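Chain naming follows the written order as A, B, C and D, and within any one chain the residues start at number 1.
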Amino acid sequence: MKKSMVCMVFVVLLIFIGSAGFVAAETLKIGVVGPRTGTAAATGKSFTEGIKLATDYVNAHGGVLGKKMEVVFEDTAGSPDKAASGFERLVTRDNVVMVLGESHSSAALAEIEVANRLKIPFIVAEAWADPITAKNYKFVFRAGPSNSGVVNETIAKWVIHEGFKKAYIVAENTDWGLGIGKLCEKALNAAGIANKTVVTERKGQDHYTELAKIKAFNPDVILAFVYGTGLHYFVAQAGEVHLTPKAIILDGAGPPSLWPDFWNNVGDYGNLECLVSSMHKDVELTKLATLFRKNYEKEFGKAPTDYKSRSIFDVVLIAADAINRAGTTDANALVDALEKTSLTVTRGQVAFGTTKGGPEYHQWMPPMLVIQWQDKNQIVLYPPAGATGSLKHK
Amino acid sequence: MFLLALTNGLVIGIIYALAALGVSLVVGIMNVVNFAHGEFYILAGYFSYHFANTLGMNYLAAMMLSVGLVLIFGMIIEVLLIRKTYGDDLYSLILTFILSIVLQNTYLLVFGPYPNKPPNWVKGATNVFGQFYYGNQRLAACGAGLVVIAIVYLMLKKTWFGRMLRATSQDREVAELNGVNTTALNMLSFGLGCALAAAAGVILSPIFPVTPTGGMAVALTAFVVVVLGGMGSFWGCVVGGLIIGLVENFGAAFISSGYRHVFGFIILIFVLLVRPAGLFGNREI
Amino acid sequence: MLKGNGLCKNFGGVAALNDVDISLEKGSLIGLIGPNGAGKTTLFNAIAGAFSLSSGNLEFNGKSLNGKSANHICRLGIARTFQVPRPFAEMTCLENVLVPLVNRSRVGERTALLQEGREILDFVGLGNRDDILAKELNLVEKKRLEMARALCTNPQLLLLDEVLGGLNTQEIGAAVDLIVNLSEKRGIAVLWIEHVMGAIMGAAERIIVLDQGEKLMEGTPEEVAHDPRVIHAYLGA
Amino acid sequence: MKNTKVILACIIVGLFGILPLGLNVYQQHVMIVCLFYVMMSASWNLLAGYTGQVSFAHAAFAGIGAYTSGILAVKAGLSPWLGIPLGVLFAAVIGFGVGLLCLKMGGIYLSLTTLGVSEIFHIIINNEYEITRGTMGLQVPGLLVEYSKTGYFYIMLVTAIVSLLVIYWMIHSNIGLNFRAVQNDEKAAASLGVDVIRIRVLAFTVSSALAGLAGGVYGHYLLLITPEIPSLDQQFLVLSMTIIGGMGSFIGPIIGAFTLEILSEYIRGYGEYHVLVFGLIALSMARFAPNGVVGLVQAGWAKRSTS
């Protein structure tokens, strides 16, 4: 009997320890959400790099509201429920005034609900699903690509530009993959380009069966919307079965083709692969972009590869700018300030859309590039204005 | 399509059998299911990647060294964790389950989140039956898998060590009475089980690059194969691997590729309903 | 009361029981002997429903036992002990006997059952061990607990598997008295496997001898002791 | 003696009743998650700790409860107040089936088969994304019209207390006695008239139903049902909590759930390291103190009373 009493007391004690208050902050905190663990943990690493550079930059230029800015990076592991609770934790435990980041659409769709409920401004960086902004939530912004933006402005135009006749769409079963796959289908149908779609599992390793189906269709181009390691398997195996280089693969996300191990994993089969990116050393749009590259090389001793480190850098700058212009941390004032944003970041000048009704609301779409790997060099193919070369077939 | 599914099924089946062999061995001898089997596989993959790519070793030497290191690591784990659990199979299952999560997160920390791939042994692809191209590396891995399976078979049947293992797996007490040092044998056979996982890892990682969390899928397939074939049965393991490989590939080709892994589970459940001890199992459960 | 005809049991091609007939009357005390591996425990397992027979018929009070599960057979009135005691190690002695008591009748006050359990523990000589975990008992006590649990099922037929092994002379005497007492006073039929010959020969009315899965003979202790086949089976060649 | 226990329980429940007054929103959230894990661990303990059936499908049953109710709410507009009981029922039916399937299996065969069941369930969720929305997660309506942490806290508290009462009643009745007999020695139990089949299937059914209940309420609290609820990671947490608290004791899983959930909230600050720290604690507990905190306290008590 006494034993269980001791146990009970133990439980109660724990609860009260757990409930102990937290020390008030001396800095101004901003939250970032993103995958630090899980299948896309590489994105977390890029985010960490970008956050480091952005924090240094902001604090060297006077901080926010006279205080030092501190960024709390909460792990979402790429899963919507961890994302939602992580978001909530940032707000309720760390008292952040604004939340930024995210690279998984599924996670972002869960987070915008929390942002809306808690009335905390949330700037999405790299989650592309249209509904994120199409829901027209007052507190949700996106300073990054949207599926429809990428498809209509870049991918579909590029496919038409290169004169491809038959396309195969490979979509992973996530909000991003399925969403962008559908949009591609629509755009290609509108352009009269024959196409087919196959849905794959995000964690799949063996793609021989799908590849056999694709090969039977004999496409000119394969639009692959598979994120992470899955893409590496896909590219390598497509090469093995001689699907490429006859058909050209486009990595519809980009970063996996830029990860350090891409070449090691796909070998020669990576040659002539195309990818979507927002960063290329020969196409720096602003002075800040050059500065970013310089600082990055100084800080980490290598050239930036994954463009997501630069995306989060931009978003942190946008947030700091909005807070300083608002002169307060009041959420409504921050939204007002964000809506009036006119700031030049690495990817150009940011201005958020304010027309309600569609995905353009609170959306700023940075310019995207289509790049082809040609003998391990990145050649910009599209848009034609920035092109540094042209598409190579075998 | 049919021939492709058949070829892929056989090749993947051999690979599954190889991955399951270590689990089966450890179950047979020690009645311990090593939940962290896949993590040993992954560890060997990382080792061979770093030896070959970072240190520039010859790939064959890198593979050998990786398997050896995992063998030693396995024996250390046996001493630290498994030794205490003998006789309580669920206790060891729970311990190794927690171990697998710990290892996954350690790998994430040490090796980073990126997929790592040791160099291919061979390049290109072969045209099979004049129908389709099939990666040479896969064919080579299948061959290497067969070689390892054959070596294990010979070791079990022909060597003194193998006889001792079989004696112990049949009746531990009698073996002890006959002077077999079962403590040392347990350590060795657990290490050997891990080394087999490692062998599968170094053979497969050029095809399926390793990631910190990739081990769970490997272990799951290995468990399905082992339970299907019958715990501790050598031939059960080989036949089970082939069945699962074929069923999954035909299912994926002709029914639904999304449900690829479910087909294996369904076969498993049917077999267990008819033969609760698996295809080749005769042990009372 | 118990009737078995042509009982056979194969394990992977090896016949552990081969065409064994057995018949028991109410209140009788029958010994079952035979060398190691003769199939004695196999016969017990078959009667108690631990596994099903390969062929043959078993009847108890006119009801077929074929294919019945162990717990069903127990409720019909057949209880058993195990050669190596199998107490519920992590439960107290009282809880050990409470298990058969609560399953015997679904109704019944917990307090009344506890009272009955204590009495039975008392009866087998574990009166002061109520709250001890079964794993802490010594071998002799474990065997007594085994017996107590079997009695708690309120059996008409009790299958005892080597209950005397490891006991000293004095303890053997007490145990035999207890078993004879069960059979005579309570009218429980007992089928008893034993290696301690002196004890079983003295106590049993009749003896069944098994050898290599077959019934060698059945008779009074006197007849069995002098039968050359039995002597041959035990001493062997 | 019995009275002190009842009074103590009442005091603790009472303390919990006024707890939200002293907590901020974040702490209330942590308490709600704690209560979810209390339900999960306690019901898994009923199965694994009391009948020795170490199932790896427990998180999957929470998922069945959550998805049943969630899909009914999204596709048929059914109120979660009706959906959750239906989810519980469905989880119980599936639990009954899995219990039957695993009847002939003991020990590790059962564990591996339940692992397979859990994996099948996972694959179905991922593939039928048109219904379940796959890894994207199903956004579901809440239990309350106006979202309120305090409200959810009380809902979770009442559900947890009801679950714990059911479990407490079971393990202290004849059923619990039979559970332990089956766990200790299935064959001996059968020979003493215990209907092993009934007991094992009953344990599976009840435990699954309670997991379904926990999952359903939790899903409608998060407003988002994802494959994380029925994941192996979740199963890992539940298993660790039970073992660290003390498997096979009523209070153990409750202690484990609170300790580990609060601990994990603290170490979450270490980013990538938190799961590792968590795993190492669980591993050393399982290795050196397999009876958990309760076992340690009991051992300490026994030592003091003998010396």
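FYI, contacts are C-beta pairs under 8 Å (C-beta built on N, C-alpha and C of every residue); 3 or more make two chains touch, one makes a residue touch a chain.
None of these values were measured; they are calculated from a predicted model.
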Identifier of the chain whose CA centre is least distant from the whole-structure CA centre: D
Chain separated most widely from chain D, comparing mean CA positions: C
Distance from chain D to chain C - Cα centre to Cα centre, in angstrom: 42
Separation of chain B from chain C, taking each centre as the mean of its C-alpha atoms, in whole Å: 46
Chain A-chain B separation of Cα centroids, rounded to whole Å: 36
Centre-of-Cα separation between chain D and chain B, whole angstrom: 32
Per-residue overlap in chain D, given as positions that touch at least 2 other chains: 126-127, 272, 275
Residues of chain C whose C-beta touches two or more other chains: none
Touching two or more other chains - residues of chain B: 105, 108, 258
Every chain pair meeting the contact rule: A-B, A-D, B-D, C-D
List of chain B residues in touch with chain D within their complex: 27, 33, 80-81, 84, 89-91, 93-95, 97-99, 101-102, 105-106, 108-109, 216, 220, 223-224, 227, 231, 256, 258-259, 261-262, 265-266, 268-269, 272-273, 276, 285
Chain D to chain C touching residues, read off their complex: 174, 177-178, 180-181, 183-185, 187-197, 248
Residue ranges of chain D touching chain A (in the complex, touch as defined): 1, 4-5, 8, 12, 15, 19, 22-27, 29-31, 33-34, 126-127, 129, 134-137, 139, 147, 222-224, 226-229, 251, 254-255, 258-259, 262, 265, 268, 271-272, 274-275, 293-294, 297-298, 301
Chain B-facing residues of chain A, complex: 37-42, 44-45, 173, 199-201, 203, 205-206, 208-210, 212, 215, 229, 232-233, 237, 240-242, 259-261, 264-265, 267-268
Residue ranges of chain B in contact with chain A within the complex: 1, 4-5, 8, 12, 53, 105, 108, 112-117, 120, 123, 125, 132-135, 137-138, 208-209, 211, 213, 217, 249, 252-253, 257-258, 260
